[in-house]
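Just passing along the structure, written as structure tokens.
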Amino acid sequence: MRLRERLSKLGGMKLLRGTKLSGELERLQDQLDRLRSEPTAEEIWRSVELARHQDRPYTLDYVERIFGEFFELHGDRGRADDPALVTGLGKLDDNTVVLVGHQKGRDLKERTKRNFGMAYPEGYRKAMRAMALADRHGFPLITMIDTPGAYPGVAAEQHGQGGAIARSQAAMARLSVPTIACVIGEGGSGGAVAVAVADRVLMQEHSIYSVISPEGCAAILWRDAAEARKAAAAFKPDAAHCLELGVIDAIVAEPEGGAHMDADAAAALLKQGILTALEELDGLDPAERRRQRRAKYRAMGVLASA
Amino acid sequence: MRLRERLSKLGGMKLLRGTKLSGELERLQDQLDRLRSEPTAEEIWRSVELARHQDRPYTLDYVERIFGEFFELHGDRGRADDPALVTGLGKLDDNTVVLVGHQKGRDLKERTKRNFGMAYPEGYRKAMRAMALADRHGFPLITMIDTPGAYPGVAAEQHGQGGAIARSQAAMARLSVPTIACVIGEGGSGGAVAVAVADRVLMQEHSIYSVISPEGCAAILWRDAAEARKAAAAFKPDAAHCLELGVIDAIVAEPEGGAHMDADAAAALLKQGILTALEELDGLDPAERRRQRRAKYRAMGVLASA
Amino acid sequence: MSGQGRVDVEVESKRPDESSRGKAHANTCPGCGSHYRDEELAQTLRVCPQCAHHFPVTARDRVDQLVDPGSFVEEDSELRSADPLGFFDLRPYTERLAEAEVATGLGDAVVCGAAAIEDEGCRLAVMDFAFMGGSMGSVVGEKFARACESAAAAGVPLVSVAASGGARMQEGILALMQLPKTVCAIEELHESGSALLSVLTHPTTGGVLASYASLGDVVLAEPGALMSFAGPRVVAQTTREKLPDDFGLAESNYRFGHLDAIVPRGELRPTLARLLRLFGKA
Amino acid sequence: MSGQGRVDVEVESKRPDESSRGKAHANTCPGCGSHYRDEELAQTLRVCPQCAHHFPVTARDRVDQLVDPGSFVEEDSELRSADPLGFFDLRPYTERLAEAEVATGLGDAVVCGAAAIEDEGCRLAVMDFAFMGGSMGSVVGEKFARACESAAAAGVPLVSVAASGGARMQEGILALMQLPKTVCAIEELHESGSALLSVLTHPTTGGVLASYASLGDVVLAEPGALMSFAGPRVVAQTTREKLPDDFGLAESNYRFGHLDAIVPRGELRPTLARLLRLFGKA
């Protein structure tokens, strides 16, 4: 239990960095309380279903509820504007932030236009442009992750999908500004992590974050895509497990029944999560913040020895 | 006469920066000696012809003569590899440098492949990738300019020719490493200056550097492309005038009759010019070098007042 | 013939000829053929009420359309082009300059100054296509660079409104050097923490598109504006292919990812105000 | 079934099945049908003398092909995968790991260490597709990150030779986190001043292509190597279109600007030596 370890370590430390640390302690205790018991296979599958629920709020639903003014930025300055990934400038209370987020479509027409939230390399290049803008002006970067994965198409491969995902991560590893990633639905594989290399990674209670889709995993390992429930239970894409494994920093509560039951309430909770995370990061020297960000990822994984 | 002004100013200065300044003084005196008299219209036209001579050495001819080991870098990591602009790593004596240069073709087949040295936006994006590599590793950047201009095609426009040229200049304005641009043939308009924003700009004796081709200028202002000689005489694209106007930093001599008469000798002279320029830049703090680079361009132009 | 300064692009002839400004047919809509009086068009910001065609706007009118009344303070208006090459084609450059000044009442092709838009402070650099085709010589480059410095010193964004046929060939290689000059000025502006908001109007081509106009933190364009490095005629001649109908237009550029938004003239002022608030220092 | 770890891609079946390594037909050339004995292929670096098909190479053989004899000193060989999720599909993950170790003699899918190539010092990270389809879990990510740190400490470049089906799904989200982990390690490597030379061999797909393998200062590939984020089968199923014949192959990737060079196996050692000299500190 990584989280418990971290908590006990923090608890034993002198409060050298002042109130920021006690804030972090409090957050960890709060998060730990959520993990009384390990989610069951049924609970995991329920998160898979809720994360993909057709009425679940998408990035732009949160944008209009969380940000005051917002201006969408379009285009990768090379070849295209990818509607599966939106970027923009927004006011979070009195501060300007840069937003990068996957966008699924609500109706059939918009779903097709948005390619079901599956970005092309052009989408990740647009995201990198927005990141550069954030860094140039010192605007914090907020990303929202909600994608089945990067689009697996011929043109997407020809335009360098793998390289674009790699470079987008590198760009995030390099930023001087505070960065918050929010998994708000499906955090699908490389297409998700491409915009999720952040100082703080938040996950909504019923979102999922995974290396492969349950169906994809089942098709390969069980040789039957219908065994998706078994696969999900095995690779545990739910928020509680992600927190436990040290992959995310905090779980953001959803309204009873899931975010789609009350988008306003879900947005208010998400906004609070973002503000708390920003507050924790505030006052850190940019170089130190980047160092900590990289160190966090550097430490991920579980090892044994021969 | 800007050059004379600069020389007399330098002559009157205390040698605060030591030998580097006396080197610069010597170079300026040497350059000034070349400008005894203003080139005539005939001499200007001869440069136009020599700069475009079919046997004139191209970038890769100089690469093989100037660099020890060389490794060509391909691709813009997005969509294409533009053969009209070559990039690579080379050994200049014992030091590694990054090379970016336009490349025309020698025979019909290669000319077509190289698009007569007219780059697409993809070419400038490849160049920017090479610049980033130079900066990351502290390798000086050497560019060779030899293009009628950026390619004026439908796809080139759709892929953002204007923006690519602008961003390539911005990338050069931002570099921390020493940068040397060498105009070795036709320095045609935006397509040339895209890779010529450098600490030191050298021009071979019979190369040209211009805002528009003589034919293009004649077609617009004389309404007759055949008046190209008149146009060239009017806008003065020759090296002597460029030096006089403060646009370039030094003229590199060519073998008697032009670079095509003796490529080895032309390469040796060009190499000496590059080494001298690098030596002048050596020891400058990177931030100060960049400041001076920007200040140099900031000062270009001639103004009057109402 | 005041458009003769442009070099990189021949503006499409289906557009109203800028050189005929002031004559009756300049107010005939090329989109739908409707005729207007100056006062009629002024009321609609010079946008055709029938078909939404955007007529050209002078730099002075543009400033008036965008800024809070009375807030504009012009800077560097005394700068004039010199004639470093003694350039003479069918007529001397100095004569073309004098004629353009008389025709437009401007010292050169850009008007710069301090202003406020919805109470947000900024600097403005607005080009006028009527001054030698909005071509960029030493003065345009210098005024733009000074506008960057003025914005940086005041800690406010710079709003650029471009309209240009490209570099001014009568200043030869010095005109080309205005590209890196303005680019370097933007680098310094950015390092000071200020933003560049770039608006492209019909036409923005050649050297201006290949330098400062493309480097906005945000890039906007008016509907139907031509924005291309090489002009349609040059491209057609070089490639001998039929051009797409929307070649180089804002709509095509938006599709290809080069623009953040196409903003109808009537929405430009509130849009810029929103961006100024977003880029403003809290 | 040792290839069952790969997740993002199903490797094309026309390629020799890695799981059958050691069986007779593994040495039958899929390009021209010629049969070879192990010794014959070893002499040609496992390249078909008839048609130049590049047969798969184990990590140990690859190291031998590239480095100066006796110069390789392995690092971090004691690391083994844990089973953080208690993963069990048709068989337990621990069983697959044990089987892969027996079959390959390797602790996991990458071999790392210090070496010299033509007397130029470097660090190596060489993947082995035979170990669970070259899938990347915590150990591969960790060993790669340590190789970056070792190269940075020694001030030498890191040479990476990739062969991978993607992230190892049996480690769930922790496998995905090896992407940013290796990416962050490369950032630190670069800030130390050292270079990453990345060689892609057949196949390099999914999470490895979408992280460290794509981030080389120079990226090379062997002829015919498949390099795609999504595998051909997934793409064909998703898009329901016929794929181009050279879909995802090195040749196609070179054309699209994603590779610096395609280097036949016989030229790989001298090419890397040249690059090491160019990136070496003078």
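Each chain gets a letter, A, B, C and D, in the order it is written, and its residues are counted from 1.
To be clear about the criterion, a residue touches a chain if its C-beta (ideal position, glycine included) is under 8 Å from a C-beta of that chain, and two chains touch if they have at least 3 such contacts.
Quantities reported herein were computed from a predicted structural model and do not represent experimental measurements.
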| task | Note down the smallest number of touching-chain steps it takes to go from chain A to chain D. | result | 1
| query | What's the chain with its C-alpha centre farthest out from chain C? | reply | D
| When the centre of a chain is set as the mean of its C-alpha atoms, what distance in Å lies between chain B and chain D? | 41
| query | Which whole number of Å gives the spacing of the CA centres of chain B and chain C? | reply | 29
| field | Rounded Å distance between chain A and chain B, as computed from the means of their C-alpha atoms | value | 46
| Which chain D residues reach two or more other chains? | 256-258
| request: Would you please write down the residue numbers of chain A that are in contact with two or more other chains? | output: 77-79, 158-160, 163, 167
| said: Touching pairs of chains, all of them, please. | reply: A-B, A-C, A-D, B-C, B-D
| query | If you look only at chain D, which of its residues touch chain B in the complex? | reply | 190, 193, 195, 217-218, 254-261, 271, 274-275, 277-279, 282
| So in the complex, which bits of chain A are touching chain B? | 77-79, 121, 125, 158-160, 163, 167
| said: Looking at the complex, which residues from chain B come into contact with chain D? | reply: 69, 71-81, 89-91, 94-96, 122, 126, 133, 136-138
| Any idea which chain C residues touch chain B in the complex? | 4, 6-8, 10, 77-82, 84-85, 87-90, 107, 137-139, 141-142, 145, 167-181, 183-188, 205-207, 209-215, 227-230, 234-235, 238-239, 241, 243-244, 247-248, 252, 256-258
| field | chain D-facing residues of chain A, complex | value | 150-154, 156-163, 165-167, 169-170, 172-174, 189-190, 192-194, 196-197, 209-212, 216-217, 220-222, 230-231, 234-237, 241-242, 245, 247, 293-294, 297-298, 300-306
